[in-house]
């Protein structure tokens, strides 16, 4: 009959209404500022730079290859290469960015920079409370604020972080074996030529979990 | 002159408002404004009726005129696209019209002013009790036939207005192909026929103004 | 209290304003509005006379106005419908263009 | 009443029907038309004999004449109905038999005569028409029906006389015959109308109130006209005029000799047997009317005495002219006229029986003579002048013999031939006529002349030298048989009315019939006188012509030689035609001229006058139309139209203009009201 | 208890006595208008917050609870916001009409309260044709909607206005017709006399019209039509956000928007007030022994109940489509109200049945008749008259 659907609807809402008072669990609202919903694992906001070890400047994985700068659609990444080089996790001397700015008001968090970065140096962060009172100063994030330790990366994207670390460790191990082999060869050669240069000290894995080599 | 309270202030005020709005209704360039001034005139008239202690008629006037007729007029203004255009009020032939209107006004007011009989009427008898109850009885008893006739007239007018203003648009009355021919074209070959039919109906619909 | 002829003069004025409008303006809707005004003026006269008539209890004037309001409503409806159909045919509501009865 | 009376009308109807059918046929159906007309007449003859039988024998109650009448209403106009009818009485029966018998013979004869004439069908149609009309006269019981048949007979005679209309003389003769008989018929019509006026009915016998019955006659008897003459007499005389015209009595006989232009069977039928007899029959039919005499002088009434005198004069006059003629048919024509005179004499003096007896006998031998003359002309290859003939007795023996018998019967050779007995009766009647003896003497002189010119004719035609260039040949048997029959009849008919055994007299008047030889003795003297007279005429003629036979056809007639002046008068038919020419024709001419003058000037003038008046009226109308109508009316209409156009501008479809008008009228209304109140 | 009931009337008289004579009539007027406006303005405020809280609860969420304890100061915040907001007027707009529209809506809304009887002889003006006045003034709201819609020169606004007017006109008919049933049975148009007619008690049960078959269905129909009239709940098509932004309110902001908002709510309050007086016995107490309690209390109690009902309905029923709206009005409500009229007449004339169980028989017949009409109309209306959809491109 015409009215039955309406009455069922009303009964439903009445149940909700009454239900909502006698057991709070039904209410789904999250009082935001006070309570927060834990962010989902692959939720993403703006990018941040990852560094291994303790020293943010030294442990930066970024080698200032500027691929991400070129690929970024809204062009919100600005990189200036450093003059000198510093060894990366395999000990090879690599450049590093002198300045690395991301204009957060322009970035549309499309994650293209993460995909194209060959060195897994840049990842998407989950911080969204970035509202500021003035439009110009604080929205341009410098290298210093962008850099965040690998542990934080593990904290927000555990699966990705673990997978990446595994791969880096692997490469490092292969590099060392190669180095070892080279050293052996060189040693052999050196044996021939007596002087072998001492390979650079290997970078220290930032995370505690980094496999000792 | 007369006592201050002797001059019927209320009536004069209402009359002034009504007359001004009536003149505006007739002379404004923008038709919608004319319509709204007309509404104001109707309200003014209703007030006069109330002043003459005929509440039922006043409320009826408001209900019928302000509620219905005004809306009708405004709708007509919209439907005939007169809202945008602004009209030039005065033309040669209209002056003649004005002259005639003034003459008529003179011919109506003159006898009023000069006739001695009107003065003899008592200033104002006590307000007759125009109780709704008694109006109802009168309507149902003495004036029942005119009431039925009025009902008939109103229904006829309603139907008539609808018929006159109805736009009989043949293609629009048949929105979709009848199910019968859809079935026999069969699902396999439905797409071309279907598209043709629909495209034609869509194109035809787009042609509509 | 307000003597009767104040109302009558007021009604006459209203009537002539309506007539002036109907005569002067060329737009059909305005003519119709003019006619409405004239009708209302007439109603006002009825009520005024009813109010001041010795036999007010018969409510004759009142009844008359009620029925005339009803009729006026019907008339307005049909008149406006006609104006719409004229507009649809002539694409204009100027009365000069509307002087042919032919369909 | 014998049943035949109801079918009496068939007798004239059959020939009429035949005439109608033949008229529809094409000319080439010659044999069919001949057989049709002969067949119809034969049936009519049969019917007539059937009608004749019941009239024989005396009426049971004795006295009076057997008479059966059958009347019927013809048509009504107003409240009077016109009644016609037919009657069967001895007079009718006898005539019926005679006319049908003689007619039949003539029809058969004319088959041969017209064998090689291409219009034979038309001829037989007219013959049948004539027979029908004649029979119509006989049986009619109403004067009107009789008059109608009478006119029809006149028409038939005109058609038959003018049969060869391409011959101008035939056409003229036909016209002449028709007009003269019409003059006579005028009298007949006046008499008829007067009779109708007086008696109120035209039926002869209508069981008591017919016009010939006693009641009507008594009424007529009492009436006298303004001129003092009895009404009955006046009517009778008028009727006699008709009879005179038809039977060729003296003043109106001129058409009969010219009627010879028609073919011979026509002459035989019309001028011998029937048509001419119609006049006599009419007088016989209305005899009771004529017999009424206001002065009631014994003997005969004035009407009958007039008839007698006219008859006597005609007889002598015609006989004289016959002597001077050279055309074979013209002689016979004049002889017919004189014999008709004798019949009228007989009727006037001796009553119905005497006249009818001579009529019957004359019919037979005159038909015989005419047919004989016809076969002579046929034989001599259309030669009609007797002086060129002669000596035909050897080439045409049968024609010669039958012609001789006919001649002797006509001239009244005693005892054997019918002519003697009938003429004797007439002379006897004339002798005892109380009014005067002169008609008796005229009768005798006529008889002498008759014998004389007949013998002259016989001599010229059959005796003497053969003047004819060509070889004459005998006529075919189809023509000679009727001659022989007629010859026998000419002889036998005579024995009906001999004084010894007056069968016809008894039959017609209904008296007792008994053989009375003594009567012969009483009339012996008269018979001797008449034989002497006949002998005188024949011998003188024979001796005159045998001794002074003219040498050649062009030679003078001996009489002419002797008395050229008198003979010239007779030869030219006593100049009657010229006399008529001088009087009637010129009168007519005068009348026509005056009417022409009148017509051209008087009437024409009037008409011109009227037309002038019309024209004047028209011009007045034109003027009126021009100025009053066009200018006035149209002008006014124009004004109206202008006004209307002015108003039309008002009706221009603009709604607001209407509203303006309403407003103005409201103001006007109020002003008027105010003005009204002001006063 | 008598004084408590008449507390406000006595207060008013007391105050008027205070005022000097010449201005007495002005004082009486003001003293009756003032409380009216304050009460209903506060009602408006309370209702907004209660509505939002209730809707939240219905939708398993809290309502506004940030401003003030449990969010009770939220209306204050809204009001403040409205006053602060910039009052934009579109350039092309017809300035005068644009300005007048909200007032044209609110003034009639306030006028409608003048005839409602809030308590025993607590009616601002006891008009003889009170009900007629109520509808006459109610009818002018359509004009205001048109002025708003048209003057803002905005396609959406005009569309919204047209829809609003069409809806209001269509639902005015069933609204008025349902009240005719009451007028017919009571026999007078003045509202206090209608309440008077319902004030009797029969074995403790009040003789409210809602306890008669035609009264119950009339009340329901009245509420439905009233909801449509006030553009509430299922019928809030004119300012349906999803389709035409805010309908005729699109170009309004700031105080004018607030006025419109208030006008709407006032319309709702008027309808509920009228519903109470007509069907729920106005200020009469629901049970005989409570009759001595103050009359206005019961008026506002019922008032709150019905407002809750409206809020409840707003929370559950989805918005109607335009043609469904129209069809529902003309093809369902109008016929049903007419049937209701017939039943009311039957009820009136069958009043004289004396045999036992008469009340039950009358109830049965009346309810049966209305129920039957309801079912048949429902089935007639519910036919699936749309032909099957034709998917031209999807295969």
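A, B, C, D and E label the chains in the order they appear, each numbered from 1.
Keep this in mind: contacts are C-beta pairs under 8 Å (C-beta built on N, C-alpha and C of every residue); 3 or more make two chains touch, one makes a residue touch a chain.
What you are looking at is a predicted structure, and each value in this text was computed from that prediction instead of being measured.
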{"item": "Graph separation of chain C and chain E (steps between touching chains)", "value": "2"}
{"item": "Shortest chain-hopping distance from chain A out to chain C", "value": "3"}
{"item": "Chain-chain pair with the highest tally of contacting C-beta pairs", "value": "B-C"}
{"item": "Distance between chain centroids, defined by C-alpha means - chain D, chain E (Å)", "value": "131"}
{"item": "Euclidean distance of C-alpha centroids - chain C vs chain D, Å", "value": "108"}
{"item": "For chain B paired with chain C, centre-to-centre distance based on mean C-alpha positions, whole Å", "value": "9"}
{"item": "Whole-Å separation of chain centres (CA-atom averages), chain A against chain E", "value": "59"}
{"item": "Junction residues of chain D, two or more chains touched", "value": "656, 659-660, 663"}
{"item": "Per-residue overlap in chain A, given as positions that touch at least 2 other chains", "value": "none"}
{"item": "For chain B, residues contacting two or more additional chains", "value": "56, 60, 68, 75, 96-97, 100-101, 104, 108"}
{"item": "Chain-to-chain touches, reported pairwise for every pair that qualifies", "value": "A-E, B-C, B-D, B-E, C-D"}
{"item": "For the chain D and chain C complex, residues of the former touching the latter", "value": "652-656, 659-660, 663"}
{"item": "Chain D-facing residues of chain C, complex", "value": "19, 22-23, 26, 31, 95-96, 98-101"}
{"item": "Touching residues on chain E, where the partner in the complex is chain A", "value": "54, 56-62, 312-313, 315-317, 332, 374-375, 377-378, 381-382"}
{"item": "Footprint of chain D on chain B - complex, ascending", "value": "93, 96-97, 100-101, 103-104, 106-108, 110-111"}
{"item": "Chain B partner contacts - residues on chain C that touch it in the complex", "value": "1-10, 12-27, 29-30, 32-34, 36-37, 40, 43-44, 47-48, 50-52, 54, 56-57, 59, 62-63, 65-67, 69-78, 80-85, 87-88, 93"}
